[in-house]
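Several structures are given next for inspection.
In the two assemblies presented below, chain A is common to both, partnered first by chain B and then by chain C.
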Partner chain A sequence: MAERKVIGKPVRKVDGIPLATGQPVFTLDVDLPGAAVGKVLHSPHAHAEIVRIDTSRAEELPGVLCVLHHGNVPRIPYTTAGQGWPEPSPYDSFLFDRKVRFVGDRVAAVAAESEEIADEALRLIEVEYRVLPAVLDPEGATAPGAPVIHDEEDARGIHDPQRNIAAAIDIRVGEIERGFSESDVVVETTCEFPYVQHVPLEPHCVIAYLDEEDRLVIRTSTQVPFHVRRIVARALGLPLSRIRVIKPRIGGGFGTKQEIILEDVAAALALRTRRPVVMKYTREEEFVAARTRHPMKVRVKLGAKKDGKLHAIEMDVLSNTGAYGTHSLTVLSNVGSKTLPLYNKAPHIWFHGKAVYTNLPVAGAYRGYGATQGYFALEVAIDELAEKLGIDPLELRLKNHIRAGETSPIFEKIGEGREGKAQVIRSCALEECIREGAKRIGWSEKRGKRLRDGPWVHGVGMAIAMQGSGITDIDMGAATIMMNEDGTFRLLVGATDLGTGSDTILAQIAAETLGVPVEAISVYSSDTDFTPFDTGAYASSTTYVSGNAVLLAARKVREEILRVASGILGEPPGELELRDGRVVSTRTGKGVPFAEVGHRAMYVTDQRHIIASASFVPPESPPPFAAFFAEVAVDVETGRVRVVKFVGVADCGTPIHPRLAEGQLEGAIVQGIGHALYEEMLLSKRGGVRNPNLFDYRIPTAADVPDIEVVLIPSEEPTGPYGAKSIAEVGINGPAPAIANAIYDAVGVRLYRIPFTPDRVLSGICSPAVLK
Partner chain B sequence: MMKIYFELNGEPVYTEIKPGEMLLDLLRRLGMKSVKEGCRTGECGACTVLLDGKPIRSCLTFAAKAKGHRITTLEGLGTPEDPHPLQEAFLEAGAVQCGFCTPGMILVAYHLLSHNPDPSPDEVRAAISGNLCRCTGYVKIVDAVLTAARWKREGKWRKER
Partner chain C sequence: MAIKRYHYARDVEEALSLLLAYEGRGALVAGGVDVARGLPGEIEGLIDITAAGLSGISREGGRLVVGATATLEGIRTSREVKAYMGGFLSEVMGHVATLSLRNMATLGGAVVSAHPWADIPTALIALGAEAVWRNEERTERAPVEELYARPFRAIFRRAVLTEIRLPAWDGAFAFEKLSRNAGDIALVNCACGLGLDAEGKIAWARVAVGATPYRAERLVAVEELLAGEVPSEALWEEAGHRAAAEARVGDDMRASAEWRRAVIPVIVRRALERAGRAVMGDR
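Entry: the complex of A and B
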């Protein structure tokens, strides 16, 4: 392998200086003259019909520009989920509807000269509701006689609207009953994941305006600019060509910005008023009206032979999608498709479940995307199985996990809302990850020892996980690279850097291929008018999918450069190579700088712009793998759990930028620790969010974070750009089960519901089974 | 309407403020877009600025409070042409992911290092614990502050403005 000059090196983030010096690079950092403020009126009821809406008093208020509601906008069904095509989520949303389906649902929107006036206008809108019985418990959603949440006739793609089932899945491999009857040991576990939220520091925000050509420009904090364009076009009945979506720097997303939350309303207000309209959600609105992870109950039943070989796996999922079915089918599918292949030795598998509507906050995409909920249950069940078998849980995992050269029938059975595609694992360093993590946490010294330190009892636990790299045969990334006459390059990508550093990764891939430093590549990303298409930043796709597109485009540009240089040097292209910003003859050592190549092509001989585009659709989705180890201390007097140390070891193929990759892993782990120990959206009896602020919904602070050690164990993924796979999501799958298993190791208490709050831990400690 | 005088990043400012206007809104109105709004209720720390060198939440502080005081925003610490060592350290350590919490984090770190040039990792964690970050898990932010502290002790910080 040729020595790599840029790949694997800690180059400076291409957008680092503007971010670190606080330049105005985020959505709301520009001031447009004459901008109006848009605000949303939210439903106070979980389920109600709007009998009458009177906006006259609001409209009479000086400074109010317009009020939109179901009575004065077109009624077009669509989904707010920013996904590929065909859209797998049901069309069950409208710009405004005659009915509200959760506390926080959209009733109306106002554009006004100022925020104060807009707020006042919202108060002046008179709405008469006929309150309907609500579904506030996912278990009861499908019961006969339960209120029907989506009874509108024009919704489409709902699995069974009469029974409130947004989506369902049933996948069988082998014969599950035989599998369990042939097993020597069987365990069954049900784990619950509550409502948790992404909490990017920057809430959803957008500016929509008409440009000088009367085209609609949407500057928005999104992970999916091209899907925003397509969905807003549909929702407002506009030609797609009239819309331009610009994604500036994004203040975090984690999936919540894979959703059209404000863009449709802001666009409608801008079109109606012909004024720029600025909209932003408050933190409270984020909690009440944005998106959450799908709360789930996952039941896992495992059967194994005496020697520890897994023989049968059943996974049964009840997913709560809330009032709308956004991502309902695909998140549900992922609960199985991203977990079951990890234990590919079991010949008998039954994966089934449903996503139900409730009159509760709307779930959507969230880092991990169902896998996180699935792994919590699966990895706790594996721990229980190990105990019952009398095998070290680490050994049990080593005995059963998938390896390079192997496959799983699940790859073919479950895809993105449809059947999947067979694939063979080409790179897997999971075994090394497990062994390295065990060493770093001190597995054999600490496991089962219950070391005490006053009231604190220590324990260690582990979990393993995989994810994917993009969505097979659906995702698409495209890139254009053009050479400037000074020998530098412009890289245009539709890919969406939401803080992950993907612009930098993509620049590195281009730079390595073209034989220049990263500084010679300037990146422009995510502008539907000026960059090629990309499905967007989700499903751990950008490095692998968009990265491959950049690699292909860079190779084409390299060919062009060689052709021009061949004319200058008088040598055949086959004997030339790109090195340090020059084209050099491998035979004579004579060379020509890129600047000369670029200048000649643009101005002198056989004039042309050296420019190339390429697209990439992933024919497979190579999983990154990770092993997680937690050491916890449990205060047996108060039930408090402290994570003392957390080790995450991942195989993301070749890390293009190890420091950025570590950052993804660390960030995902800390979000996962937050889920495990602190985070839960509490709901009132009427379905409202009781803790819609960051005092009462606690995410980890720097003072909460334990000693975290992350390690990357490289593997070479042959289908990845320079051997790379993904890293963004896999890290969030491990903390909850690893911590749960560590708590069990410490105090013998099994926790099946997160967060592991002191009261839950304490009541476990005080239970008769544990006390004896 | 009333007019107030204060010092913003070393420059005198004499400006009108609206009744009840918060410092966050005034500063953004004056073009200091590094001052971020993440919650408006003092929970996240993204709007942190320095008042006479001490970190405050500008979303909870009335603009009128700035009267006669020195306000420092991230723009006052360094520029793209001439970044502050703390800004360099944040980039070198990989402490900037989305960058939305970065202005507040750097200002809090700046305050910490102004009175404690050799903080322990726990002291750094305590100092930044009022500023939320959802991207990094704080690991590399702590690294960055420790690196900047070392540079400061080694005399590598240029003369303060």
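Entry: the complex of A and C
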């Protein structure tokens, strides 16, 4: 392997300086003359029919430009989920509907000259509701006689609307009953994940306006600019060609910006008023009316032989998708498809479940995408199985986890809302990850020792996980690279850097391939008018999918450069190589700088722009792997849990930019610790969010971050760009189960419900089973 | 909010006259933390008192006098405060909110807002702090504890809190707080103080618990239980259990009454242990 000059090096983040110096890079950092403010009227009821809506008083208020509601917009069913094609989520949403289905649902929207006027206008809209019985409990959603949430006739793609089932799955491998009857040891456990919110620093925000050619421009904080264009076109009945979506820098998304939350409304208001319309959600609206992780109850049953070989796995999922089925099927599928292959030794598998509608906040994509919920249950169950077998949980995992060269039938059985595709694991350093993590946490020294420090009792726990790298045969990334006459390059990608650093990663891939430093590549992402297509930043796809597209485009550009240089140097392209911004003859050592190549192509001989585009569709989705180790201390008198140390060791193939990869892993771990210890959206008896702010809903702060060690164990993924796989999501799958298992090691309390609050931990410690 | 005017008061008299002139439609603002959380709709005028000369911190004998607009971080880092009661009040401030909020929030704001979940009222009640305020007629004063037993919000609609006076105690205090994460409000808190007589018996005790989730209260029965006794682990334990029995405890969305009842003995015991160690260390 040739020595790499850019890949694997912590180069400066290409957008670091503008971000750090506060340049106007975000969606709302620009002011458009004449911009109006858009605001949404949210439903106060969990389930109600709008009997009458009177907007006349609001419309008469000076400064109000328009009021939109179900009575004055076209009725077109669509999904707010920004996914590929065919869209796997049901078309169960409308711009505005005659019915509201959760507290926070859209009733109407106003455009006005100022925020104050818009707020006042919302108050002046008179709505008469006929309140309907509501489904506030996922368990009861499918019961006979339960209120039907989606009774509209024009919705499409709902699995069973009459029973409030948005999506369902049932996958069998082998014979599950036989599997359990042949097992020597069986454990069964049910774990619950509550409503949690992404809490991106920048809430959803958008500016929509008509340009000089009367085309609709949507400048928005999104992970999926091309899906925004397609979905808004559908929702508003516009030709796609009339819409341009601009994605500037994004202040975090974690999945919530894989949704069309405000773009459709802002666009409708801009079209109606013919004025630019600015919309942004408040933090409260983010909690109430954006998206959440799918709350789930996951039951896992494991059967194993005496020697610890897993023999049967059943996973039964009840997912709560809230009032709309966005990502309902695919998140549900991922609970199994991203977890079960990890333990590929079991010949008997039954994965089944459903995603049900409730009159509660709407769930959607959230980093980990179902795998996080699945791993919480699976990895707690593995810990219980290890105990029952009398085997160290670390050894049990080593005995059962997938290795390079192996496969799992699940890959073929479960895909993106449809059947999957067989896949062999080509790179896997999980075993090394486990061993390295164990060493760093002090697994053998600390486990089972219950070291005491005053009231604090220490314990260690672990979990392992995998994810994917993009969506097989569905995702697509494209890139265009053009050479400037001074020998530098412009890289245009539809890929969506939402703060992950992917623009830098893609620039590194181009730079390495073209033999230039990263500084010679200027990256632009993304604008549906000017950058090539990309499905967007989700499913851990950008480095692998868009990265491969950049690699292919860069290779084409390299060929072009060699051809031109061959004319200058008088040597065949095969004798030439690209090195340090020059084309050099391997035979004579003579070279020509890129600037001369660019200038010649642009102005002198055989004139052409050296430019190339390439697309990449992933034929497989190589999983990154990770091992997680937590050392916790539990205050046995109060139930407080402190994470003393956390070790995350991951195999993401070749880390293109180790520092950024570590940042992804560390950030995901911190987010996972938040899930484990404090985050939970509390709901009122009427279905409203009781803690829609960061005073009541706690997320980890810098002061809460424990001693976290993140380690990358490289592997070489042959299908990845320069051997790379993904790293964005896998890190969030481990903290909850690792911490739950560590608490068990410390105090003998099994926690099956997140978060592990002092209240819950102490009541576990005080339970008769533990006290004995 | 319908704020129409923002005034900078140069002194207490001006602040008070403005406040009275608004007849209930004006509000004082110092750190602005609670103003940012939302004001009643009828408030039209804000009267900024940060330049009214109320930010001083001084020692008068063993006593500590803190101006109403002294910031919490200013208090935490003040040399005078660190020298008062072994730095107890400085330690308490370290538990309150985050640095950025402490740079804004003021002691007067904390006393007047008197959030049930707050840490400062618990500490002030245990310390026997006295509030001083100016109204139309005169300067008045009352222990913070007593103030909270009165309709104090009505008082401060027509008065300017000027300072908090903290008495000297021959002994030591300790503060305990349980919360979810850094910068969070208390799920429950307590402040305990002790002094010993010449024979090593407890001469006086002060015990207050707060965020139960109700506003801080002094537990006199626990103080009486402690007085005259010889410090011991068993005594702290007993006092803790008595505190849990005496305290008014309830559920809120952060924690259950059951859990609060279970941990009050623990935090009271821990605070007494630490105060006890400090007192005996002094000897």
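We take it that the second predicted complex is superposed on the first by the 772 of 772 C-alpha atoms of A that agree within 3 Å, B and C clash if a C-alpha of one lies under 4 Å from a C-alpha of the other, contacts with A are read in each partner's own complex, and residues count from 1 in each chain.
Note that in this section contacts are C-beta pairs under 8 Å (C-beta built on N, C-alpha and C of every residue); 3 or more make two chains touch, one makes a residue touch a chain.
For clarity, every value in this text was computed on a predicted model and none was experimentally measured.
Enquirer: For A:Gly499, using the defined touch cut-off, is the partner it touches chain B, chain C, both, or neither? Pick first, second, both or neither.
Expert: first
Enquirer: Taking the superposition as given, does A:Thr282 touch the first partner, chain B, the second, chain C, both, or neither?
Expert: In the superposition, A:Thr282 contacts chain B only.
Enquirer: Could you tell me if A:Asp151 is touching chain B, chain C, both of them or neither one (first, second, both, neither)?
Expert: Touch status of A:Asp151: no partner.
Enquirer: Examine A:Leu682 and indicate which partner it touches, taking first as chain B and second as chain C; both and neither are also allowed.
Expert: second
Enquirer: Using the touch criterion from the header, give the chain among chain B and chain C with more contacted residues in chain A.
Expert: Touching more residues of chain A than the other partner does is B.
Enquirer: Pick one for A:Glu419: touches chain B only (first), chain C only (second), both, or neither.
Expert: neither
Enquirer: Which partner does A:Cys766 reach: the first (chain B), the second (chain C), both, or neither?
Expert: A:Cys766 sits against chain C, while chain B stays out of touch.
Enquirer: Please indicate which partner A:Glu637 is in contact with in the superposed arrangement: first for chain B, second for chain C, both, or neither.
Expert: second
Enquirer: Does the superposition put A:Glu128 against chain B (first), chain C (second), both, or neither?
Expert: It touches nothing on chain B or chain C.
Enquirer: Quick one: classify A:Thr701 as touching chain B (first), chain C (second), both or neither.
Expert: Both chain B and chain C are touched by A:Thr701.
Enquirer: Output the chain A positions appearing in both contact lists, the one against chain B and the one against chain C.
Expert: On chain A, the overlap between the chain B and chain C contacts is residues 695, 700-701, 703-704.
Enquirer: Over in the complex, which chain A residues touch chain C? Could you list them?
Expert: Its residues touching chain C are 455, 637-640, 677-678, 682, 690-691, 695-696, 698, 700-701, 703-704, 757-759, 762-763, 766.
Enquirer: Would you pull the chain B residues touching chain A in the complex into a rising list?
Expert: Residues 31, 33-34, 36-41, 43-44, 46, 73-75, 77-80, 83, 87-88, 90-94, 96-103, 106, 124-126, 128-142 of chain B touch chain A in their complex.
Enquirer: Where on chain A is chain B touching in the complex?
Expert: 10, 12-13, 15-26, 28-29, 198-203, 249-252, 254, 280, 282-283, 498-501, 659-660, 662-663, 666-671, 693-695, 699-705, 708, 710
Enquirer: Touching chain A in the complex: which residues of chain C?
Expert: It comes out as residues 98, 178, 180-185, 187, 253-256, 258-259, 262-263, 266-267.
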